[in-house]
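Labels A, B, C and D are assigned to the chains in the order they are written; within every chain, residues are numbered from 1.
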Amino acid sequence: MVHQKQDSIGTSMDKLRRKLYTVIFEAETPAGRAFDVVLLILIFVSVLTVVLESVVSLRRNFYDQFIFIEWVFTILFTIEYLLRIYSSPRPVKYIFSFFGLVDLLAILPTYMSIFILGSQYFLVVRALRLLRVARILKLTTFIDEGQVLSNALRASFHKIVVFMGTVLTLVVIVGSVMYVIEGAASGFTSIPTSIYWAIVTITTVGYGDISPATPVGQFLASFLMITGYGIIAVPTGIVTVELSQADRRRITTRVCPNCQKEGHALDANYCSNCGFPLNKSPEAAIQS
Amino acid sequence: MVHQKQDSIGTSMDKLRRKLYTVIFEAETPAGRAFDVVLLILIFVSVLTVVLESVVSLRRNFYDQFIFIEWVFTILFTIEYLLRIYSSPRPVKYIFSFFGLVDLLAILPTYMSIFILGSQYFLVVRALRLLRVARILKLTTFIDEGQVLSNALRASFHKIVVFMGTVLTLVVIVGSVMYVIEGAASGFTSIPTSIYWAIVTITTVGYGDISPATPVGQFLASFLMITGYGIIAVPTGIVTVELSQADRRRITTRVCPNCQKEGHALDANYCSNCGFPLNKSPEAAIQS
Amino acid sequence: MVHQKQDSIGTSMDKLRRKLYTVIFEAETPAGRAFDVVLLILIFVSVLTVVLESVVSLRRNFYDQFIFIEWVFTILFTIEYLLRIYSSPRPVKYIFSFFGLVDLLAILPTYMSIFILGSQYFLVVRALRLLRVARILKLTTFIDEGQVLSNALRASFHKIVVFMGTVLTLVVIVGSVMYVIEGAASGFTSIPTSIYWAIVTITTVGYGDISPATPVGQFLASFLMITGYGIIAVPTGIVTVELSQADRRRITTRVCPNCQKEGHALDANYCSNCGFPLNKSPEAAIQS
Amino acid sequence: MVHQKQDSIGTSMDKLRRKLYTVIFEAETPAGRAFDVVLLILIFVSVLTVVLESVVSLRRNFYDQFIFIEWVFTILFTIEYLLRIYSSPRPVKYIFSFFGLVDLLAILPTYMSIFILGSQYFLVVRALRLLRVARILKLTTFIDEGQVLSNALRASFHKIVVFMGTVLTLVVIVGSVMYVIEGAASGFTSIPTSIYWAIVTITTVGYGDISPATPVGQFLASFLMITGYGIIAVPTGIVTVELSQADRRRITTRVCPNCQKEGHALDANYCSNCGFPLNKSPEAAIQS
């Protein structure tokens, strides 16, 4: 109701804010879509700049150019940030939201680099700009697919917790035992390091920076590898079953208005059970 | 019947034991649930202590603190162990059960460290305390999910045995052949070592501590890798199909009103066990 | 119509061209099939020559033989290329098509090696000859299977894009953070290198040329490994569901006798497109 | 008919041969089962001996014992081999069958080691004895499960060929390109070696004995890794779908004799569609 009141007051100021809101926060209008595309390109180029700046030879040769580009991006993102605060109906809520904080982190490091000198590492925070892409994608056609995926993952959350708990228990116990069997000579210098090795092994990554040298250690490692190789089947099975159900659910939402049979394909015109036209309204069904 | 008699005698001693049993072994009451949560935290912190104690720099600096913390945990777990024996209806059966032995192993090493000096490795046994977590989880909502997973694994046990047998045969034969082809120069010093390498390879772990150097060896290794890469599909397929069936079974929990058989398909009209019409009401079932 | 006119003119020249076209571009006739088999063998042997030529010891000992074999293949493929241009109904379109360019790349390097001396690397382009195999397989019985696979991949394209986007974002952010945590000492010399390491880790390849040395880095690496180990389930689930649907669709090839729509479910009584009873005979359909 | 004639002749010699055949080649009788179990143990112990003999320290200390044990096994397997030839209805066919040759290879090396001295490698052939286990398992309850697995793999053979062909083409082309990009300095000494590296990478094994050092090479390697990580989904999906169908087929073979509805569970007593008892004969169905 408060919202409608604001509408009826309708100063030109408010109109501007509301137009800005549609452009910046939404993607249904051509202007909003164009804004999103430009922002997407800016984010990618700015992250690419951060990535390339970390290469020593490039930083040495193009130091001034990097500084210049960085400030251009920072100023552009600052303007965008201020406009977001201005046009947002609840600015405080926006500022302290996840994306609000990410937006702030995207510009803060450059400003702070004026005061705090010498720390190139500090500037890496800017790579978090990539997280901003998530917001833009939320407004596109990919939302549906992302929804299906995240629903499937959420539905299998309990099973995955049980699975992960088992894996972590196994990793801690095998790690502890390997610490005793192999000892510091083979690189198993402490239990945390041994657990790190066990994770490297069970996930089949296998760096080889630490690897067992004694026959008993190699035997236990073999057991862990085969376990890791075999149980990858479990999360895969879980997610597949969930995705398969999500898929089935999406198909089987149409009900025949005449015989109530469910599960008609999205392109079906007639009920496959009683032959009634699916596109007629239920009222027509009753009249006929 | 013996149990009921004990109930009717009902000394205050027995009441205490039964109350303790409910708190310690069960999780339905608020007290039982609180006990589980506290125990869970104690176990995690105590295992974390064991893990951190193994780091040389930490052990050197906080040696006394570690000893102190360890004794606190040991005494707490000892009290818990004694209470479990006391409140258990069949103490001997508990002591020699899997969890009874794990509970004993959780406290024994610290006591033994008084008599047997100098062996830090010995204390690693305490990491087995993590196994105690399994009991607590057995009493929570995760039991259902764990059930589904372990049922699926049990149902596909025969298929997995055949699969594992094939993998192990392959690994022994390829390991033996590689021992001949590569020899000690590339690290294939014996057939057990070669088998270890073959397991590292077929599970796609690939440490690189041992790797083929001759063209023939690299060719055979390539064959083994592609095999390992391809046949991971088999256990995954097996588990997925089993999970999918477990899931389907859980969905179709229609119960026959006549014979109470569960698990009828959603489009079934009659009970597949007794032939009773599934769509009739239970009252009709009684009348007929 | 233009095509039919050409047919009726029917000079012996045209007849030759059309016969050549059937032999070279198609595989239905015995001659066409024989041509494909010969070409397949030639391609494999010529690629094998390129591969073996790169081995230093072989190149040194059999230099003249390699040169000779290479020219034989080049002349054969040149004749084939010219015949393809000659017999093709639209030569220009063929020359600039994907396979036309691959055919040209298959012969060009050998001719250019006369003018540009000393570059053995240049000749590697000839390995692209292997791509020509794809055309031949397009004409065989494998087309169906390839179709099912590529359809399944295309249907899950959107989901895979969302998945890959998430993986790449994760890899860039974790790579940047690891660059800060580990630094150049452990091999994380720049963010691109760190991203390369993150990809090596999340895909569970794990070369070990770069690996974390600090506890914090190993912890983050463990997180990345477990993530990579777990989320492999997602693309697998997606593709399995799509393949399963493609399969189901292929099975239910019931055709409506009235409107010829395919793909009705096995328990359908009426066509989902036109409402015609599926179980009636086609004659009844005509009579009604 | 010839077989029945032999039966009627029935000399005591023939009776012995037939009894031996039942014991040695079959597993239905208690004697046959006992023979299989003993043979299984002998094979495992003899392969274990071969494996342990290859360990230098063990061979040095227990040389005489190994020789002795080896001759015991060889003599036992020789007796078994001769009995198999004797009792087999068609001895020549058995000798040249796959298992006949494996049986011969299991004993030949030990005899040949008398004449050909000094080659320990030669004796490794005895590890092939493990293949003999396959025959025994063929006679057990695992045959069903193995059947399901191999059927599923056979049904998806065409799809797997297309998949493997794509992978191998990719591996040859990427291997060739990496040979040009990286060169001998990073270990890419020839195209075969580069292809070996590409297989190590795409299968996510990742030894790290060869790994790219240039940015372009690392980029291409990253592409290959992500491809390998993603396309593992394809064989998994294929096998899962086939296994799922094999499973469904096994369940849905019972037809109701009254209403002909298919797909009743193996433990169903009544048709789920019409309520008719499933175990009655079709004649009874007609009479009722």
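The rule is simple: a contact is a pair of C-beta atoms (placed from the backbone, for glycine too) under 8 Å apart; a residue touches a chain by one contact, two chains touch by 3 or more.
This is a predicted model, so every value here is computed, not measured.
Path length between chain A and chain D in the chain contact graph, taken as the least number of steps between touching chains: 1. In this structure, the chain pairs B-C and C-D differ in their number of contacting C-beta pairs, and the larger number is found at C-D.
Both copies, chain A and chain C, contribute mostly unmatched positions to the interface they share, with under half of the numbers common to the two.
Distance between Cα centroids is largest for the pairing of chain C with B. Chain A and chain C, compared by their mean Cα positions, are separated by 30 Å.
One simple way to say how far apart two chains are is to compare their mean CA positions; for chain B and chain C this gives 43 Å.
Centroids built from CA atoms put chain D at 31 Å from chain C. Looking at chain C, residues 192, 195, 204-208, 228, 232, 236, 238, 240, 244, 267 sit in touch with two or more other chains.
For chain B in complex with chain A, the touching residues are 47, 50-52, 54-56, 121, 124, 127-128, 130-131, 133-134, 137, 141-142, 144-146, 148-149, 152-153, 160, 164, 167, 192-193, 195-196, 199-200, 202-209, 228, 232, 235-236, 238-240, 242-244, 247. Partner chain C is touched in their complex by these residues of chain B: 204-208, 236, 240, 267. On the side of chain A, the complex with chain B involves touching residues 158-159, 161-163, 165, 169, 172-173, 176-177, 179-180, 189-192, 195, 201, 204-208, 211, 215, 218-219, 221-222, 225-226, 228-230, 232-234, 236-238, 240-241, 244-245.
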